[in-house]
Amino acid sequence: MNVALFSQLTTLGSSVVLLFGIVLLCRRSLHAYIEAFRWQSLVLTALLVVVGQFGDAPELYVVAVVFFALKVVFIPRYLERLAKRVGAEPESEPYVNITSSLVIAALLVLLAYAVMRPLVLASQLPTRGGLPLAMGLIFVGLFIVITRKKALTQVVGFLVLENGIALMAVLGTFGIPLIVELGVFLDVMMGFLVMQVFVYHIHGTFESIDVEQLNQLRH
Amino acid sequence: MNFILLLFPSLLSALLATLVRPYRVIIGWANAGLSLVSLGAALAFAVTILAGSEAPTFGPSELLRADSLSALLMVCVAAVATLALFFSPGLGRENQYDVAQLRRYHVFVNLFIFAMLLAVSANNVGIMWVAVEATTIFSAMVIPLALTKASVEASWKYILISSVGITLAFVGTVLAYFDFVALSGRTDNALNWPVLLSAAPRLHPEVMRLAFVFLLVGFGTKAGIAPMHTWLPDAHSEAPSPLSAMMSGVLLAVALYAITRWKVVVDAALGPAFSNQLLLLLGLFSVLVAAFSLVIQRNYKRMLAYSSIEHTGLICIGLGLGPLGVFAAFLHLVCHTAAKSMLFLLSGEVLHRYRSTELERVSGLLKVMPWTGALFMGGVLAIVGLPPFGLFISEFALIRAGFATGRPGLMAAVLALLAVGFVALLRHSNRMLYGAPPQGVTMGEGSRWRMAPLFVSVSVLVVLGLTLPAPLEALLNQVVKVVAK
Amino acid sequence: MFIAYGLGALAALVSARKSLGRGLVALGAIAGAGAGLALGATVIVTGVPFTLFVPELLPLGGGLALRLDSLGAFFLVVIGVGAIPAALYGAGYTAVYEDGRASLRLLGMMFNLFLLTMSLVTLADNVLTFLLMWEGMSLTSFFLVMTEAGEERTRNAGLWYIGMTHAGLVMLLAAFLLLTGGTGSGAFADLRSIAPSLTPAVRDIVFLLAFLGFGSKAGIVPLHVWLPRAHPAAPSHVSALMSGVMIKMGVYGLLRLTLDLLGGGPAWWGGLVLAVGVVSALLGVLYALMEHDLKRLLAFHSVENIGIILIGIGAGLMFHRYGLMPLAALGFIGGLYHVLNHATFKGLLFLGAGSVLHATHTCNMEEMGGLIKRMPWTALFFLIGAAAISALPPLNGFASEWLVFQSLLGGVNIPVPEVVVVMPVAVGLLALTSGLAAACFVKAFGITFLALPRSSEAAHAHESPFSMQCGMGLLAVACIGLGVAPFAVVPVLGGILAGLGGLPDTRAEFTYSVFLQTPGVFGQMSPTLLALGLLFLLGVVPSVMWLLRLNYRRRLSDSWGCGRVGQTARMEYTATAFAEPLKRVFAEIYRPMRELTVDFHPGSKYFVQSIEYRSEITPWFDQSLYRPFLESATFVAQQVRRLQAGSLHLYLLYIAVVLTLLLVVARWF
Amino acid sequence: MEYVLEVSQAVFALALAPLVVGFVRWLKARMQNRRGAPPWQPYFELVKLFGKEVVVSQQASWLFRCVPYIVFASTLTVTFLVPFFFVPGPLDRVGDLLAVVYLLLLGTFFLALAGLDPGTAFGGMGSSREMTVAAIAEPTIAVAIFSLALGAGSTNLGRIVTQALGNPATAISPGHLLAFAALFIVALAETGRLPVDNPATHLELTMIHEAMILEYSGRYLALIEWAAALKFMIFLALLANLFVPWGVATDITPVALAVALIALLLKLGLLSLLIAIIETRVAKLRLFRVPELLGVSFVLALLAVTSSFLLR
């Protein structure tokens, strides 16, 4: 089996995944967010399959299936419905405007590279090239959650963050033990459900999903 | 078997609450009764540990494991859960919730308890993470029982901040696992704590450093370590009092438990210096933030929440002070659990009577509800560290550990900050307890016997303040053996 | 002792009938105090320490270790002396709370627990036991202060008190833990053995912390701010105990730690104690002079007397440093003797003030007057107390101040001149203090008890019940007894000090002779004979006059008012007016705020329509020491509050920032 | 024998006291070119007062009636402790200078109370002023004599005198001179003399001592006046014997005693002359200037004791 090709593929795939994360940054409409997220998840699924194939980790197929069902099919569709329900008003100007967001994202990726240096050195895996990108994606997801003002966009940012972790897990360790993985999926789903419940609540009580107005509790 | 007895009851009660609709009072009582079972199981674990037997494990690839540390936490969690369930709304006494809300409350509170118990009994650190994450989800469902702007805001902040934080903790887990795999291939029980621990000395130090940072920040968010504590006052002030009692009393403890677990592994990898430094730093910062946030405070539930942050900081400092400190820290944890859960339950009574969480709306508590007032006063005296309550002893031990490990400067700072918090807390509670009750507040105790369970907490505190029962001491010593070799 | 106190506390809780409960409380307290007295006395006489060790309790501190050596025994005796009359008095006094203003149960229970913990402080033999009892004492007394918590003033006072005392505890904790020097054991015996091996710097820090910590309890200037707040707020028999006995625990702690555990130190320790003592004494009496609230006045006098005690102890420490052991013993004896005396007369005065308050429902002297006719016994007892605290022979205040003076004069024997200079200044200021104290108590007694009543309450005052009179009477007798028979006390005190910090047995110096004398017979005096002489002459003069058949007719008439008849209370001198000259003399220290508003007749400025004069004195350390501190704390608090600004994004940003910072640290440092 | 002497000293002082007062008055009168009353006039006044009935304010309490005896007794007690013409008396050990100072304070204390007792404005005024003066004056006495005590190595007056007799050189040490000045000023203040108080005034607003005893009459007044005279006598004796002890008898021989007696009378006479001169020369100070004067004397005393601390 061709290791070089394997590492090529994984690096390519992870950079594409990160790319979608950054694409997210420069979009406004909620719809675009969800689309980008769906595509990202799709690529990630593919990556799972690849790794499962090359790195002879059969249980990754199972993971891939669940992942696909959850993050490519279920969650995006649900998000769309949610967006319709609460009225998908476009993301108002975020705390950091798009151009500087991109700059910051770049810096974050650099930081990720710097931070992940020892891991890359420590491992002999063919997939190690993608690890910094995964960390970068985690940082970007965090950045989105921090800077975006709509509850829904924050949810998306959070999901991107989780994708980043999934990416790191699959690249670094060819997937964590299956039972843990399943538990994680359970959490992700429940967490997502709870969050969308609260998006309803916010919309119900504040007549908007703008998080800025959640500033009554102080000190 | 014992594990089933520990975990199953809460699941069962959640199931009951789900199936029986609309909510009936009997369910509440059944849940409370069932929680006693898991308390018994937890105590049984403590006994087996003290008997000196090997830490029992359970499930495929030793999914669950109960060593001394777990046993200690199990007992705390189960005890507080029982107490909280006995004080839950919907146990006959009049309350402001409708049946649907009560049903939701009982479903998710029990799931919450289950998640906490699972977190402390999980052997696999991945499962531990999953459980901790689950606690966020379940508790977040209970906070806005009555949909108000404040409660929605609080719970949204809570769920988002905690989820983000916990996710970071997962990054840390993955990093550690990555290093383990890079070292000794992929095994199914790789994430089991003992396995990790045995492999730890050969792990890459620099990787473990990164991992620990992620884990500390992540679980620290859950534990309410400043500056990741921001969700805590909001959530505690808005949640139903039994829930705040559990969150402040044991949820923070569970998060600290997770940190401790990882600390042991990391220390095995790169020596205790690194983690101790970080813990001392963040702990001191937490104490500082909490102490000064107490000075100007208008809301008594937030006041209690900040004091929880203060004590979390103290426990972190203790964890960072070597064996003596660890002993003190866990003693402190036990005492704080007892005191704070009691205080939050009482604050629920106060809120129910005064219909306000504002400090200046509450006065003359000792006149209005003599027993509640007296207990509240006892609790406050306990958490500010006055004798004859346990926290006086544990704080003394903690400070002594600091001096013994040659950190007088740090300890001086801690003492000064504690004094600030002391005066602030007493000032506020003075205003609550004494003075003339406001108009329109019905005088007289509600039902006196409901307070009975709380006298258990008080007596525990007093006993711990005057002596240290041999079993507890033995357990704590074993914990020290586990945590700081 | 413990059982008695415990039963007393229990009785307070369960007592069905209130009067019965009060009786039981007093009984428990008296029994306990009596037992303590007996225990202390036996230890002092036999010299065999009483020890009790309970390893089960407080295992973390090395068990509950109790050991009563002669020093502790002395203070235990002081507690007994103060407690028995106070409890007796309290039995009657607490009747006023039967109207439900305060919970008699809490009061009674805390009263007994307070006495118990305070007694245990003198017995504690390891750090944790000591601190536990110390804090227990503070807490129970806090509840006693908060008895009348209905009033804002009281709550404020309670908060000041607990705040100050807790700050003190923090320092003590630090001091003791520094002293343990890393080793876990907190047993006093171990500390004794460790202390010499510590570096001088550590020893100095320990001493300073301990001095501040114990000083905050003893009420040294400027840590005394809680006294004038807490004492008026507390019930009178409690203030009698707190002021007469509890603040002495600070002195006990200071002696225990400095002399016993640390075994003395460099000269500046003594010098510092001496200087602080002098300042406290002078400022205490000066502010007392300006007080017109009887109990606040007495509280300030406690500051003064603590100062006098510290002068003696400070001198003792200095002599100790220079190896002048007999003189050192003299200084300490003076201090300890004054401890005992102050316990008696200050207790007596507070009880008297309590009776006045009980009768007139006010502590404001400007509304009193003429009480000597309505409550003769209280007046007599108060007069004795006033004379004693003014150090008038042959009462006990004189005996102890004489010893302190003598020890200061012994300062000439110190070889180092620049150290010696301290002594004469101390002598002068101490003399000044006692003079001012006399003036102050002429005011206190004269305005309160003499002349015409200034208010209807005072006019209809009534003598206090028998139990209260008994309480005062006991203390009055004690004042006289301790005054005329110092020759019986001084050698005992010498025996108590023998062996502490290498002090020799001074029984040779201080013998049981009628004449008090100082080492090297620097001064000699016999209060006994003085008292006899005074009595003799008091008898002789009238009898001679009677023998000479002098005219002994007496006519009652109105006081002379420049020919104006019909005297009213408006014509009397007020307390303010009485203190005015001294206020002018010491205006530099008081810096009084005066404002005189005169509005004239619109027609001509020779016709004054109204004159309004206000004058206030706010102690300088209140605004120059405490206010800035509190303000800065509040300022920091406001800054910290900004953290919780309410914005979710900000909160998430915190997490990100901390994460990045720690990552950078972990990666590159 | 000593005891007899001791008692005779006291009786002598008691008997002589009014004469000294009268003598000063007489000297003053002469200096002011008046004939003035004969020196023994005070005796007549005492006799007259003892003969009169007493008028007691009906606002006064029992304290008012006890005070004269207390004052007289305490002052008389002091006379037993002060060396007049013979040292060291056997009663010397009973009380040292602190005892003396505080016994005098005892008298002042009760006199001030008595001033407040009738509830008149004058009485209160007098007491307030008297206590103000005493509060600063008494410590000055103590401190001033301490400086001598340090030199003599004892605080007992008799012993001080003996020591001074032993080595007369000490009498002119700076400490002694300062102390003498201080004690002299205080003596003027304590005994109600000009420039502090005017014993001859009858304008209440300027009175200190007189205002305080305004309510007294008959035998009470007599006792108080006599006690005041005795106090004056005591201060003169202290000034005379502590600073210039020459002539004081140390052994019991008729010659020595005679010499001592004459020396004492001489010294008293000189001091009276000095006081008379001062009283005719200076005017009375404003009340609030008085503390400044006393402050000066206090500082002088402080300097005195400091110097003798250091120069010892």
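What to note about this one:
Labels for the chains are A, B, C and D, by order of writing; each one numbers its residues from 1.
Keep this in mind: a residue touches a chain if its C-beta (ideal position, glycine included) is under 8 Å from a C-beta of that chain, and two chains touch if they have at least 3 such contacts.
The model shown is predicted, which means the values in this text are computed figures rather than measured ones.
Considering the contact criterion stated above, the chains in touch with chain A and with chain B alike are C. Central chain assignment: C. Criterion: smallest distance from chain C-alpha mean to the mean of all protein C-alpha atoms. Which two chains touch most often is answered by the contact tally, and the pair is C-D. Taking each chain's centre as the mean of its C-alpha atoms, chain A lies 70 Å from chain C. Taking each chain's centre as the average of its CA atoms, chain B and chain D sit 79 Å apart.
Remark: chain C and chain D have CA centroids separated by 35 Å (rounded to whole angstrom). Separating the CA-averaged centres of chain A and chain D is a span of 101 Å.
Among the residues of chain B, those touching two or more other chains are numbered 156-157, 160, 164, 206, 210, 233, 293, 296.
For chain D, the set of residues that touch two or more other chains is empty. Under the contact definition stated at the top, the residues of chain C that touch 2 or more other chains are 641, 644, 648, 652, 655, 659, 663, 667.
Taken pair by pair, the chains that touch are A-B, A-C, B-C, C-D. Contacts from chain A toward chain C in the complex involve residues 95, 111, 114-115, 117-118, 142-143, 145-147, 149, 211-212, 214-219. Chain D makes touch with chain C in their complex at residues 50-63, 69-70, 72-74, 76-77, 80, 91, 93-96, 98-99, 102-103, 105-106, 108-109, 112-113, 116-125, 127-129, 131-132, 134-140, 142-143, 146, 149-150, 153-156, 204, 214-215, 218-219, 223, 287-288, 291, 295, 298, 301-302, 305-306, 309-310, 312. Remark: chain C residues 641, 644-649, 652-653, 655-656, 659-660, 663, 667 touch chain A in the complex. Per the touch definition, chain A reaches chain B in the complex via residues 57, 115, 118-119, 122-125, 138, 142, 145, 151, 154, 158, 161-162, 165, 168-169, 172-174, 176-177, 179-180, 183-184, 186-187, 190-191, 194-195, 197-198, 201-202, 204-206, 211, 214-217, 219. On the side of chain C, the complex with chain B involves touching residues 56-61, 128, 131-132, 135-136, 139, 146, 149-150, 152, 155, 158-159, 162-163, 166-167, 170, 173-174, 177-178, 180, 182-184, 633-634, 636-641, 643-644, 648, 650-652, 654-655, 658-659, 662-663, 665-667.
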